[in-house]
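Going by the order they are written in, the chains are A, B and C; count residues from 1 in each one.
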Amino acid sequence: MRASRSILPLRLSGLTWERGGEQLLGPLDLELDGENRVVVLGPNGAGKSLLLRLAHGLIAPSSGSVAWEEPDPRRQRSRQAMVFDRAVLLRRSARANVEYALALRGVAAVERGARTDEVLEQTGLLDLANRAARALSAGEQQRLALARAWALRPEILFLDEPTASLDPAAARRIEQLILQIREAGTAIILTTHDLGLARRIAEEVVFLYRGRVLEHAAASVFFEAPATREARAFLQGDLTW
Amino acid sequence: MTDLLEAFETAFRLLLSFDAGLLEIVGLSLRVSLTALGLATVVGLPLGGALAVFRFRGRGVAVVALNTMMGLPPVVVGLLVYLALSRSGPLGGWGLLFTPSAMVIAQFLLITPIVASLARQVIADLWVEYEEQLRSLGATSSRALPTLLWDARQSLLTAVLAGFGRAIAEVGAVIIVGGNIAHVTRVMTTAIALETSKGDLPLALALGIVLLLLSMAINAIASVLTARGEQLA
Amino acid sequence: MVVRAWIPALVCALIFGASPVATAEPEFITLASTTSTDNSGLLEHLIPLFREESGVDVRVVAVGTGQAIRLARAGDADVLLVHDRASEETFVEAGHGLERVLVMANDFVVVGPSGDPAGVRGETDIAVALGLIAEAKAPFLSRGDDSGTHKAELRLWRAAGVDPGPDSGTWYREAGRGMGATLNSAASMGAYTLSDRGTWLSFRNREGLVIVSEGDPQLENPYGAIVVNPQRHPHIKVEQAQAFVAWLISEAGQRAIAEFRVGDEPLFFPRASRR
């Protein structure tokens, strides 16, 4: 099988997004090569979720470009996955939810079963495989969403506030899974309000404020010696928007 | 009051004795309305879903048109179908006038807008919830549509039942295109109209009671199916 | 999923179940007639007799006279049986029908509230009876629907020298509905009305209505049968339709008509002329 070209690095150039005459994001330039675990931080309304959605292709930019290394748009989409703050699951079993995603990707039936078992086991959901997905707890549902994304073996995984609606124990499990997924070779970029999670997970930080990238640095640098006034205020909890 | 009591008496007598005439009329009512419903479901659910999911110019107009058609007066639909199917009309050659098929057509035209409009509402709400995730997984709108329809099946069943309710209870359309011919196109509602016009109110009421019981039975069955469905999903 | 599988199967079964199976359909003709004729029960009595003799079934579409004629004109019926001589003759003259054949007659009666505010009771002269009602401005409910009965009623008012039209909405009201529905309304309003005897005899909701005038020869209501012209509508089942009309005026048919009873009373009188 011909190894398909990697879609990374991702280059966002001159990206803007407007709504109702207001520019909510940009102009923004950013390059992500997937080597480090990237966390996008910023106060409410900074544009974190917007940035992820633009990068993942769920929204079209008002101007500027989202350029992957791979030119074919289908291949671009098939090498990415995204997990949202709340798991969106279909009214069927946990197993069926994962298999649905694999079927969408054109994975053959036999392999679907095998891959599903694999990710369900890795996320500790194998016992619940035949349970109705919507009957699972919030933590289990989010783990299932992660399992579903992981089954697709993406090159890059976007996560928008993955632990926002979870209790600390469930959040910790998600955190561990994210690290595992990175170990297995998937690039990670996530947004979060949880500074604890950010500190533990981030290797690289993108700090957004009012739609612009104010800082983009190694995590250690950002957390210990933030360059801008806004970043400092944010880290102290003084910057609300 | 005596009419009402006599009506209940007549109704139960007819039912318990499995009166042949009654069974024939009930059987035809069910065949016509369920067939129309089946067709309306096959057409209306995907149509409503498509209107919810696909974005195109004129969609707003289409939605308004669809919602307006929900309120089509049955007698007007009956008249239009009659004019179309009459021997002097464009489709006269089909020879469908005064047959159950004509009644199915008329009821199909009446209930499809209801099924489609309610489906559209249900699917639109679900699409708001699902769209981002499904697109992220790589589903196009076309690919997502059957998924949405299946996931919304319980709410869609309600839409389908609404369609059935309208079909089984209407008289304006079927009486014109069917002709209320004894043993051929006489259904519950047209039989009620006939007995009323003859002044036999107790019998008309009795048939009405039977119709209500029938509707109740169908709704009860749907309720059970929904409950079972909830356990499985 | 199991549930998914049986849905299309059910739909197919229903469609094929409900569609007319054209293979072994018995022969039939479509008869356009009036609600009063059908409601009297006469057709239910006659049709099985004809079917037995000829093997042809008769499907009755019973509507108002005007609509019955329109159906015949459009070719949606093979035979027309109504009781409005003027319209029938116009129909044939315009080439829509082959020939008007006089088959039978029934009669009209005037019914009214048992209190009889206009003092009509016992009056056999219809012109006088109607005159009394108009003078007393007693409530009178007309069919008002262009039916044979309605047209007969208008003729009778003219013969009585009364024009109730301008008073429509006051003592003279127009129901715009069939005979049964009109009787229903007349009963609840306590109004006089003109009804064919057949509908009156089988009407069960009388609520104090009684016959106040009957027997005037002008109240006789003749029925004509007309086969639709196949030149206008080639699909018309001419042979069977003509067989039906022929049977109606045959000895067997005329006897069947005379034998028909509601309660113990004869309703229709054979009138086929012997040529």
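Going forward, contacts are C-beta pairs under 8 Å (C-beta built on N, C-alpha and C of every residue); 3 or more make two chains touch, one makes a residue touch a chain.
Only a predicted model underlies this, so the values are computations on that prediction, with no experimental measurement involved.
A summary of chain positions shows that the Cα centroid lying nearest the centre of all protein Cα atoms is that of chain B. Looking at contact counts per chain pair, the maximum sits at B-C.
Chain B has its Cα centroid 46 Å from the Cα centroid of chain A. Between the CA-based centres of chain A and chain C the separation comes to 78 Å, rounded to the whole angstrom. Annotation: 32 Å between the Cα-based centres of chain B and chain C. Considering their complex, residues 3, 10-11, 14-15, 17-20, 30, 35, 39, 44, 59-63, 73-76, 177-181, 183-184, 199, 202-205, 233, 235 of chain C touch chain B. On the chain A side of its complex with chain B, the touching residues are 53, 56, 58, 77-78, 80-82, 84, 88, 90-92, 100-101, 104-105, 132, 134, 148, 152. Against chain C, the residues of chain B that register as touching in their complex are 31-32, 34-35, 38-39, 41-42, 86-89, 92, 95, 97-101, 104, 179-182, 184, 194, 196-201, 229. By the touch criterion given at the top, residues 129-130, 132-139, 143, 147, 150-151, 153, 232-233 of chain B touch chain A in their complex.
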